[in-house]
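Sharing a structure here in structure tokens format.
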Amino acid sequence: MGFLDISNVTKSYGNTEVLHHVDISVEEGEFLVLVGPSGCGKSTLLNMIAGLESITSGDVSIKGRVVNGVHPSKRNIAMVFQSYALYPNMTVGQNMTFGLEMHGVPKPERDKALADVAALLQITPLLDRKPGQLSGGQRQRVAMGRALVRNPDVFLFDEPLSNLDAKLRVDMRTEIKKLHEKLKTTIVYVTHDQIEAMTLSTRIAVMYNGYVQQLGTPKEIYDTPTNLFVAGFMGSPSMNLLPVEVAMIDGAPHAVTTDADGAPLHLRLHQQNLSEWAGRKIILGIRPEAITDPEGADRASSCIIPMTNRVSVTEPAGSDTFATMTLAGQDSIARMRADASVGPGEMFEFAINMEKAVAFDPETERRIVP
Amino acid sequence: MRGYFGKTMTVACALAATTSMVKAEDVEVLHWWTSGGEAAALNVLKEDLAGQGIGWLDMPVAGGGGEQAMTVLRARVTAGDAPTAVQALGFDILDWGEQGSLADLNDVAAQEGWDAVVPEALQFFAKYDGKWIAAPVNVHSTNWVWANKAVLDDNGIAVPETWDDFVAAVETLKAAGITPIAHGGQAWQDATIFDAVVMSTGGPDLYKAAFIDLDPEALGSDAMKESFDRMAYIRANVDDNFSGRDWNLATAMVINGEAGFQMMGDWAKGEFLNAGKVPGQDFLCFRFPGTGDQVTFNADQFMMFDQGGVVSPEQAALATAILSPTFQSAFNVVKGSVPARTDVSDEAFDDCGKQGMKDLAAAASSGNLFGSMAHGHANPAAVKNAIYDVVTAHFNGEYDSATATEELVNAVEGAQ
Amino acid sequence: MSAATQETAIRTGRIARTFIYVVLLVFALFYLLPFFVMLVNSVKPLSEITEGNMMALPKELTFAPWASAWSTAQIGVEPTGLRPYFLNSLFMVVPAVLICTALGALNGYVLTKWRFRGDTLLFGLMLFSCFIPFQIVLIPMARMLGIMGLAGSTAGLVLVHVVYGIGFSTLYFRNYYSAFPTELVRAAMIDGAGFFQIFWRIMVPVSGPITVVCVIWLFTNIWNDFLFGASFASGSKAPMTVALNNLVQSSTGVKEYNVHFAGAILAALPTLLVYIVAGRYFVRGLMAGSVKG
Amino acid sequence: MAHQSAEVDFRTRLQNWIPKLVLSPSLAAVLVFVYGFILFTLYLSFTNSKMLPSYDWVGFENYRKLWGLSHWWTAITNLAIFATLYIVICTAIGLTLAILLDQKIRGEGMLRPIYLYPMALSFIVTGTAWKWFLDPGIGLENTMHLWGWESFEFGWIKDRNMAIYTIVIAAVWQTSGFVMAMFLAGLRGIDNEILKAAQIDGASNWNLYRRIVIPLLRPAFLSAFVILSHLAIKSYDLVIALTGGGPGRATELPATFMYSYTFSRNLMGVGASSAVIMLMTIAAIMTPYLYAELREKP
């Protein structure tokens, strides 16, 4: 039994079930990110943990106590909202200590907690201001401060960074990560941004259509996505998903497809069990960074194969250069070193790390486990 | 209604309630006499009661010649909170009598001998089912004509005795560039003239048959059509601006010499007096031509609401005070009307007042005293208003006389 | 200048501006005219009114009508003027407005922040109640007040005004609160604030603008009501409008128009004051919610 | 809340009930004092109630009578004319004034209360001022004549075909300022960036208002419509003070009709049936509006 247990939880509005049998167990000090496109049920799940929405069936328990139906304020949780939800009529200090006041904490203790947290977040000079006088980043800090002051069992974050501009978002991301490492708190964090999910979490739950599609460490999620949705959703640029046919060539399974000019292309598959799929179609998933210029190829890999193809577009992104080509009749992206010399329309010899390639069953959309 | 339950509810209702608990020795009086003279006259009554140790809770609601007060009364009675005494007119009193809400004043009446001094036509409205249910205060007669004496003299016009005299006088004034008739175009004012015109045209027989007996034949008769023609003539001789005008602004036109005549009840006298005019000297009052012997009246009375089967001593005192000759005289001198009892001395009254009293006594004894249709003393409210509709529509040119006569029959029938 | 003004991005030329000012002033005249008629005639002797032109300025200036309307005019049997009734109105209008505003705010809060199945229907029912003509409720209302023992009392009158004011006050607050972020309420819930604590500490402090709108609306309507006042609290507890009506509507007495107009202006002073003082916040309040639908 | 495996504390359960408890007094009041009374009126309309409510059932007799009255037809025709003109003109004037007042006008603080104040006055006496003003003999027409414009004519209030329009004038006078405030608030709430963008796109002022601003004011239009239609239907004081329903019965409205039949003519049954017809009309107009409005924002 974990620190925060979500067992077999569902949520229905009327006859429509919007969340189906969710099971997640979070250990103390873990940073769990719920990620998924909007409408996937991640915020609903968070609100159910918070007690803001009722649980249709199943249990949520915190520290071994089932909290279904327990008032939000009695769950010893704190929440940071997307809009920060700072009370406009109160000063920063009042905002941060409102929860303690409501819980009957005496004023001297409140003041001490406030001073500590304000120092930690470096917002001490702002305590007498009203939220309206703060910048976006400052409000974000205050919102976090309000949660920290409570010293709760679980922190809940509801897309806390999505209202910030790009640079601030990266800074705050780092800051949250630092805070977590320092305070070792248990966090459930909702976002639709897979980079936030990857960078912050100790574990990720990818959600879609009311189901948890995959629960695992960032590396598991990234390298071995359990299905096509997770594969496509996680990673940027997203994984190239190529419809290919498996054929046995020289006793080894190969993916048979076409290149940009329509010429046949045979890619040796790393997974031996794909022999069973000979003559059938699969979807082959290759991350952009597994298709590189030969100099950039991963030398540790045991299965690098060459492929010549025509490049249609190149996008230098500073640290890398992305090359778009047609593979299996669709646009695919390769990630090359920044100084790789390639131009649009040119033929180029790529190196593909087939060890990193994953195969999916086109019928079930699930990964074919090696 | 004010039982135990009611009180607990009041307390339970967090709104701190201060209900109008009428103290035993107080009378609560609903009336609509709020203008200076009227209220001062009523104060005589209040003082009288105060002399007997009876308090007066005043509850004035003006508007629409008592209509507003009647609406309020209905709310009060429905709420189970009826006032002690309520000013009322004509058929309203009988309607309340029919509801059984009024106290039986027969004992007081017998003691004071009301039957002998109150004219019979008036008793009709003060009694229900043989029981006195209201104490009459005054009698207004409504078939008066008011004239500016200077204007009449300047144009060599004598007081017109007949319709033809009147037409001649009107023509003379018109020729002289003076508005012959001052009038305010409101339904009740139109109807006030209509009362007099019908009385003049068809005599008391037509008036009684049409307005009191509601005889369809009388209502549709040629004489009725003739009356409408005369209304049309009057309409042709008021100024273009008459519509919607208050009656007292019309009176002001006579006072200022802009117009020659106004047909209006005796309350118009107050306006003349208030403007410093002297009856007989500056202005004249006479009966509408052709109605010299008749009086159409309306009478204000006070109904007494039943206080649980008995007439309370306060109600008896109030009723007695109302019909006392001193109050009758004091009040009516100020109000412009004449006393409801015919044995009051006319000493305190002015010329118009004296004549009014004489006319009333004469009409009462000769059977020429009739309730005014226009003022709700000839037929019930629904019928009255139905007649108003037709008279007003005709006066404003919507119907010609033939149509109006026809519509009158239909309207009265429909309202019964 | 108005507090609600914000920089308008639209530019207009000189001729257009002149035209705008002319139009605005013409309308100002249109709105002021009846008031001018009332004011001018309230400072004339009666004789000047009955004989002359009512648009003309007074030849003889007199404030006697004002004094009379306030303290000596005949309202009932006693020549009390409007003065005693002023307090009656105040005792009626203040509690009614306070209760009705408070209920409206609470209802708006529930209907936007504590939604439940069927809440919209309930709101629709409340809103539709604004449209009921008062004439038809008079008799049944009298019966109810009688049953409750509130007939003829100020408390009864307050109850009546509260009941028929709730529709609009709820409408105003509901529209206002629906634009207020629900996350704040959720944050306060997690912070441990209860239903009333959230209302009092979070909602009320931000409700200033809409409260102004609601109070102005209710104050004006209740202050100017005649029908209920006359039916449920006449006599010595009658509100100002009933007294004014008694002053103005005498049917067979002498009509002192100058006193009537003075009385009318006196009776309207509180509402005029409310409009002038709170007028600037009024537009701001409307802006903050009620017209955003 | 199907699965209650854990401690559900009392406070939480209370918290779930408090909102409904808070709403219930208002709701109970509305149910009894509005809907209860409507049912009562409906019942009365089928009885032969005269001065006071009675309980003698007469079926549709009152409705038959009602529709046979030329009076009633006048009243509903007048309401149609009055309500349409009143709502349209008030909205037009309110919108125009709001737009003009939004042009950074000097003295806006002075003008606004002038436009608004009529709403604060009761028609009991303002009606008299209007009546005088509209009276050709003593009001505007007379004044114009005195000023030398002899041919000026304005006698609508005395003309039974035109009198209803004078009611419209006075009603517009009373409420258009209020409507102006609503539109002004709407205008002030519009994001200036939208206006700037439209100007950069080359829209003239006219087009700017017609194509951008007025469509954005939709909520203000709707609020104005609710308030104006409710005032139009309830207009009573106005008619009584201004024309008393005259000349003749030319300016009778359903509200005055209802009052007159219920209280002056002691025909409460007919009065109740007219009230029922009126309520049905209101419901027919308002329900689709309320439905659309309330459904839009779930």
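Labels A, B, C and D are assigned to the chains in the order they are written; within every chain, residues are numbered from 1.
In this text, a residue touches a chain if its C-beta (ideal position, glycine included) is under 8 Å from a C-beta of that chain, and two chains touch if they have at least 3 such contacts.
Please read these numbers as outputs of a predicted model, since none were measured by experiment.
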From chain A, what is the lowest number of touch steps before chain B is reached? 2
Intersection of the contact lists for chain B and chain D: C
Farthest chain from chain C, comparing Cα centres? A
In terms of C-beta pairs in contact, which two chains are most connected? C-D
Centroid from C-alpha atoms only, then distance chain A to chain C, rounded to Å. What do you get? 57
Averaging only over C-alpha atoms, locate the centres of chain B and chain C and give their separation in whole Å. 37
Interchain centroid distance [CA atoms averaged], chain C/chain D, Å: 15
Do you know which chain A residues sit against two or more other chains? 71, 74
Residues of chain C that touch two or more other chains sit at 139, 141, 245, 248-249
Residues touching two or more other chains, restricted to chain D: which are they? 11, 15, 52-53, 263
Chain B residues within the chain C interface of the complex: 1-2, 5-7, 9-10, 13, 15-20, 28, 30, 32-40, 42-43, 46, 56-66, 68, 71-72, 74-76, 78-81, 140, 246, 248-249, 252, 255-256, 265, 267, 270-271, 274-275, 335-336
Under the definition above, what is the set of chain C residues touching chain A in their complex? 181, 183-184, 186-193, 197, 201-202, 205-206
For the complex, which residues does chain B have touching chain D? 64, 67, 70-71, 74, 77-78, 95-96, 99, 185-187, 239-245, 380-382, 385, 389, 392-393, 395-398, 414-415
Which of the residues in chain A end up touching chain C in this complex? 47, 50-52, 71-74, 77-79, 81-83, 85-89, 98-99, 102-103, 146, 150
Residue ranges of chain C touching chain B (in the complex, touch as defined): 47, 50-51, 73-79, 95, 138-139, 141-143, 145-156, 158-159, 230-232, 234-238, 242, 245-256
